[in-house]
Amino acid sequence: MTEQFSSAQVEDLTSRTEAFIREEVMPSEPRPGEYLDSAHRADLMRRAKHAGVFAPHAPKQYGGLGLPIEHWSPVFQAAGYSPIGPSVLNCMAPDEGNMRMLEAIATPAQQDRYLGPLARGDVRSCFPMTEPHPGAGSDPAALQTEARKVDGGWVIDGHKRFISGAIGASFAIVMARNDAADSVTAGSTMLLVEMSNPGVRVGEQIHTIDRTIEGGHPHVYFDDCFVSDDAVLGGPGLGFRYAQVRLGPARLTHCMRWLGLARRALDIALDRASARELFGSRLQDLGIAQNLLAESVIDVETSDAIIQRTATLLASNPKEGTALSSVAKTYCSEAVFRVIDRAIQLCGGDGVSDGLPLAQYLNEVRPFRIYDGSNETHKWAIARRKVAARDRQVAAGASRLDRIGEQSYDRS
Amino acid sequence: MTEQFSSAQVEDLTSRTEAFIREEVMPSEPRPGEYLDSAHRADLMRRAKHAGVFAPHAPKQYGGLGLPIEHWSPVFQAAGYSPIGPSVLNCMAPDEGNMRMLEAIATPAQQDRYLGPLARGDVRSCFPMTEPHPGAGSDPAALQTEARKVDGGWVIDGHKRFISGAIGASFAIVMARNDAADSVTAGSTMLLVEMSNPGVRVGEQIHTIDRTIEGGHPHVYFDDCFVSDDAVLGGPGLGFRYAQVRLGPARLTHCMRWLGLARRALDIALDRASARELFGSRLQDLGIAQNLLAESVIDVETSDAIIQRTATLLASNPKEGTALSSVAKTYCSEAVFRVIDRAIQLCGGDGVSDGLPLAQYLNEVRPFRIYDGSNETHKWAIARRKVAARDRQVAAGASRLDRIGEQSYDRS
Amino acid sequence: MTEQFSSAQVEDLTSRTEAFIREEVMPSEPRPGEYLDSAHRADLMRRAKHAGVFAPHAPKQYGGLGLPIEHWSPVFQAAGYSPIGPSVLNCMAPDEGNMRMLEAIATPAQQDRYLGPLARGDVRSCFPMTEPHPGAGSDPAALQTEARKVDGGWVIDGHKRFISGAIGASFAIVMARNDAADSVTAGSTMLLVEMSNPGVRVGEQIHTIDRTIEGGHPHVYFDDCFVSDDAVLGGPGLGFRYAQVRLGPARLTHCMRWLGLARRALDIALDRASARELFGSRLQDLGIAQNLLAESVIDVETSDAIIQRTATLLASNPKEGTALSSVAKTYCSEAVFRVIDRAIQLCGGDGVSDGLPLAQYLNEVRPFRIYDGSNETHKWAIARRKVAARDRQVAAGASRLDRIGEQSYDRS
Amino acid sequence: MTEQFSSAQVEDLTSRTEAFIREEVMPSEPRPGEYLDSAHRADLMRRAKHAGVFAPHAPKQYGGLGLPIEHWSPVFQAAGYSPIGPSVLNCMAPDEGNMRMLEAIATPAQQDRYLGPLARGDVRSCFPMTEPHPGAGSDPAALQTEARKVDGGWVIDGHKRFISGAIGASFAIVMARNDAADSVTAGSTMLLVEMSNPGVRVGEQIHTIDRTIEGGHPHVYFDDCFVSDDAVLGGPGLGFRYAQVRLGPARLTHCMRWLGLARRALDIALDRASARELFGSRLQDLGIAQNLLAESVIDVETSDAIIQRTATLLASNPKEGTALSSVAKTYCSEAVFRVIDRAIQLCGGDGVSDGLPLAQYLNEVRPFRIYDGSNETHKWAIARRKVAARDRQVAAGASRLDRIGEQSYDRS
């Protein structure tokens, strides 16, 4: 259950989050290319709880602040101002998305068992969905991992990859297809699986260019993996429907966090442009630098606006909000990349060295144009939805507008 | 005085405006390259009043609907779906911006004399600000038109150009510099001038590529033009301050109207993509077309979001709203241009002929990247404001972030 | 037969063409939005002949200069520096492309009858290929106009549109499909048709936004149109093959001419940036203006380079040159649009008025992103050709490079 | 002395280089993020000599192939198809640029001592020019390292950074300013300095994101570093003039090598698009993928064309060639970045992992938008040169074109 928050309360939480990030988190950031180690993270999480900024999105009964989704953006942006901020505040992917789904769908018993420890930061989780080609990827319908109904439970077999956070995770929410006898429950099912289950094996690590998700992106194998009936999340056959509950907000919170990081990059560039002189002027007074700075401000402000609009819509109309999240994801993933890229350019040689963290930031956000649905896949979906929406307008009485004006021809 | 409007009321007004545009206005649109004639406009205005959709932004006591600025966007977009819609609904530049300024600054007597007839659509107005080089243009401080204080009034001398709507206008709000004896009132002053004043001459017309503003964009000359003391709008020396009252909202309403036109262009493209087949597929099913459509949807939705955010901010914090309007103007003027440009591409040869109105639409919005402050000037302002904002953060305690990490060097 | 030209000769011809355009043609340019009238054109053509710069590409025996295609670019660019230059020098579409095809394919008798008068500028021609949907357009294979073999000749029936130059043309090269009995000659055929043939009717004019092609872009109807056997250009069934002879060079010469116009626009912008002051600096010294100027220089130089490379390749390897002309067309049509668009921006309000010709230039080049194959269709072809080329490399022994490196995985 | 090469000879060398890279070099490439070790490099260099493809640009008398610069592009692109190819063929920066400068300027004795071992690959070199802020960087005139004339030689003092290849280099060509008594030799001077000189110290390494240059990019300190008179390269005071000899070709060879790598990335993407299916189609048949592929082909072909044009111009007119190299550098550095970025997008998750080398390639080329003059600095120079060129045209008689057409005004 989310709480009522006033604007003033949200502003206060945002300010306190900003201060915590600036004073406690930024001094602890690992060097570019390195990871935050677990002990350090645990210490910072403890301090975040003490500061009252921990798990802003999580339910109050499980130690969070109960902030409703329409207020997440400023707080998540404040967290994302440090690449390790979201992890420290326990609002990082994939745990944050899993918490949201457990809150929405899980039984009270499942919530106590899984959501509680996760929200408190005692354990981590993963969401094994992507599969090696030709399985589930840009086309989720290609899902190949299978859950067979057996007496008293289910048996899962399949191969997943790019499973963020899997190394060291306590449990997984596994997406599998099930060909049930009755058509009602045929489709896909989500199952809660302990990573200690003997049927689960974390395989080879896949080295990617990002560094902010603890637990890597390895292969995960399910081999004759038995789980009991109470492992089903929601109901059998409803996996794809539930996935929508997760995917819209999950891709939007990525936008929020990375926009925070883009703001950091822009601040680095501003500080460099303030300090440096070139051809007798401060860099910040040279038109070509001002052009880059202004374009980044425009990218940041427009991203902020479409994120907030999408968050508000997700709260009031999840289906339309999920559709709009495709727009927000595609736009913001490219905008934050541009902002960081321009900051590198403004910082010259230092921008591509690890004297500044900008090159690592670029590597951090580059994958976001691919994961959570590649931008090309989203564009395809955006176009199809728009075509369908126009068809509905026409069905409701709007005239087609492509008629060539006969009035435009004169007899020659 | 603006009224309180509920979401439902705004939605209802938007729907009714959409219907009026679709049913009454679109059938009356002039052919590409031509103008709406005055008689036709007057008839349509009468019908708009009857339909209860006339002058949504204007005060109720003067015949408008009293809609507050934070609700203008959906209604103005609905109006802008037809290039003549804003003119018919009396919410077109420059009158709409002049109404706003008169509402905010004018004395009751001035309101009765100027705002009333203007809001009711009985007369038109203009806002002579731009001057020939090297006068006021991208740099307003270069203002050269002069207002001299004389006994009982002021005498204006100067040359203005690109004065939209001047031909046939009833009155002008003239911006002039005044070098008053006392420093308090030195600066610039706005003056209400009847166009029938013998000191005013409307000069050569400047042919531009747009067609939606009645009254052209001619030169206007002020030659020993006397106005009495009650012609001062607001107070002497406050012209630039008052101009801000006008400029932020005025450039934002351009965004709203042109975004409506961009939606129209996108619908034309969608209808074409639905009707045409190429290489055995419907155009709307070809990936390269889908890519263009999706990019236009993204442009439309992000424009919508930044416009709404700016409008809301203008209502609560005019100074910050005006600053953000630079971002909205720069972004939207380019986004709507792209949307129409893509629609042309999707319509092929018909897109560049006047069988479809798209080429004219492109000519309609191209100037918006220049007027109301060229995008380059806005970018310069955006960069400077951001630099100043960062300096304030640092003054308030934030650390400069451009220090090169010493930790990044190893002894070789 | 083309001649041998030394570099010095080409430079000399280019210089003389530049001088002729500057001194004789530019003072005669029509106002923006208007057309060059025929009498004026005839007079300028006479002067061009006198100056030795007329029809640089046409065969010497028919009054041209016999310049081979690899040397056309600088000369055509010099011509295109004025929007009416190519027409005056008789190297404008569609005549220039028709001359090339007649030179390559026509019989001596056909050349004397058609090429001679055309090259000398005594008559004009057209190339009716495009048809109303769902006929030949972006997909030439959809050709619907039919040529039936009859005793002693052929009978043509069909409807063409966007037939540039048709009004007032003397003859047409018509593309029609023919379903001959023998498979050798089935396919499409090109036929030389006098526009005075009673079976030809020039229909409604289509008003487009460009102004440089004399004779409009009307519909043309063929109704039971008989032509004798000697009207076949080349051979029956070879129409598509011959069309390639025309299309590659024809789209490249558009690139050359429009690049000349883009250079003109850039010069206008440079002159404006030299003359104007803003915020106390000359516009040309402000970084944001310099950025726009530099981007236009880059567009111009890269366009020049890809045009020259394609022209050279067309001379030595027409098949590969035609393939590369898709790249040149797509790139240059967008680059010249950008250059003119930036020039408008640099010229402010004058840029969108007809005080300067820039807005008309933009309308002049906008259709080039559509005609001669829309850029989207070319991109589709470019991608398919590249895929096929890569397949050939692999067939010849190259290894596929998409294997995921096994070495990249560590055991977790 | 360069040799005469026929087209056939260049094609043959290109083919043999391609084969050598494919068969000998590609199997030896280090994993993404790692370096080629020296022993491995030495072995591959030996094999390259055996294959007759070693040091194509270097003089024959020193073991190279003597290829003139106008023929370098296809060969250097073939080398660059592997990130370690240029290093193996001894045509990598900074050695390749130093070889060119030594060939052009050094005395025979200096050539024997420095150029010979360098061209044969026996030693490496560096070119210490960049200094910490506020020294020489984007503004070379800010040079602070000083060379004082003393009896029998010079004493160098200064601090350089980002000195590519310095670790393990045998000698350096140092740029220093000298304030000689006579004005003729005042200015900057290039000096040949052994890295074993006790006055030279290689300082802290700067970790950058690229991996292809052996010897890192460390700081280098000159402290009371004495060199004898014969260490002067060319003549005192001519350093900046000589730097131009190096910089134009050096930045162009970067374009060539990185364009080779971009071709590799495009081939990887093509192979992936051939192998993968999505939504029931091969990726290469989906329009959105085709759009990405086509845009990359356009980037590759236009880059190739501007590189070749610049190389040809550098051979015939070094001053104009150097000016055009600013255009080539700015365009190509951005084009190759886009090509690799699109390839990543087409390869999805594998594109941002080190299962494929693409993410490393992106890190490899990102710095090229900064080094050899940042693109922003080049744009500034391009704009200034164009303004100056236009001024010269006007001085030679061309009319300014920004006059507002009086004919465009009608009396209203």
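Quick notes
The letters A, B, C and D name the chains in turn, as written, and every chain counts its residues from 1.
Please note the rule applied: contacts are C-beta pairs under 8 Å (C-beta built on N, C-alpha and C of every residue); 3 or more make two chains touch, one makes a residue touch a chain.
Please read all numbers here as calculations on a predicted model, not as lab measurements.
The chains touching chain C as well as chain D are A, B.
In this structure, the chain pairs B-D and A-D differ in their number of contacting C-beta pairs, and the larger number is found at A-D.
In terms of the distance between Cα centroids, chain D is separated most widely from B. Each chain gets one centre point, the mean of its Cα atoms, and the points for chain B and chain D are 49 Å apart. Averaged C-alpha coordinates put the centre of chain A at 37 Å from the centre of chain B. In this assembly, the C-alpha centroid of chain A lies 39 Å from the C-alpha centroid of chain D. Of all residues in chain C, those touching 2 or more other chains are 32, 206-207, 287-291, 353-355, 379-380, 408-409, listed in ascending order. Against chain A, the residues of chain C that register as touching in their complex are 167, 202-207, 216, 218-219, 286-291, 408-412.
Put simply, chain D touches chain C in their complex at residues 22, 31-32, 264, 266-268, 270-275, 284, 287, 289-291, 293-295, 297-298, 301-302, 304-306, 308-309, 324, 327, 330-331, 347, 350, 353-357, 378-380, 382-384, 386-387, 390-391, 393-394, 398-402, 404-405, 407-409.
Every residue of chain B that touches chain C in the complex is listed here, in rising order: 32, 130, 133-134, 137-139, 161-162, 206-210, 217, 276-279, 288-289, 292, 344-345, 348-349, 351-355, 359, 362-363, 366-367, 369-371, 374-376, 379-380.
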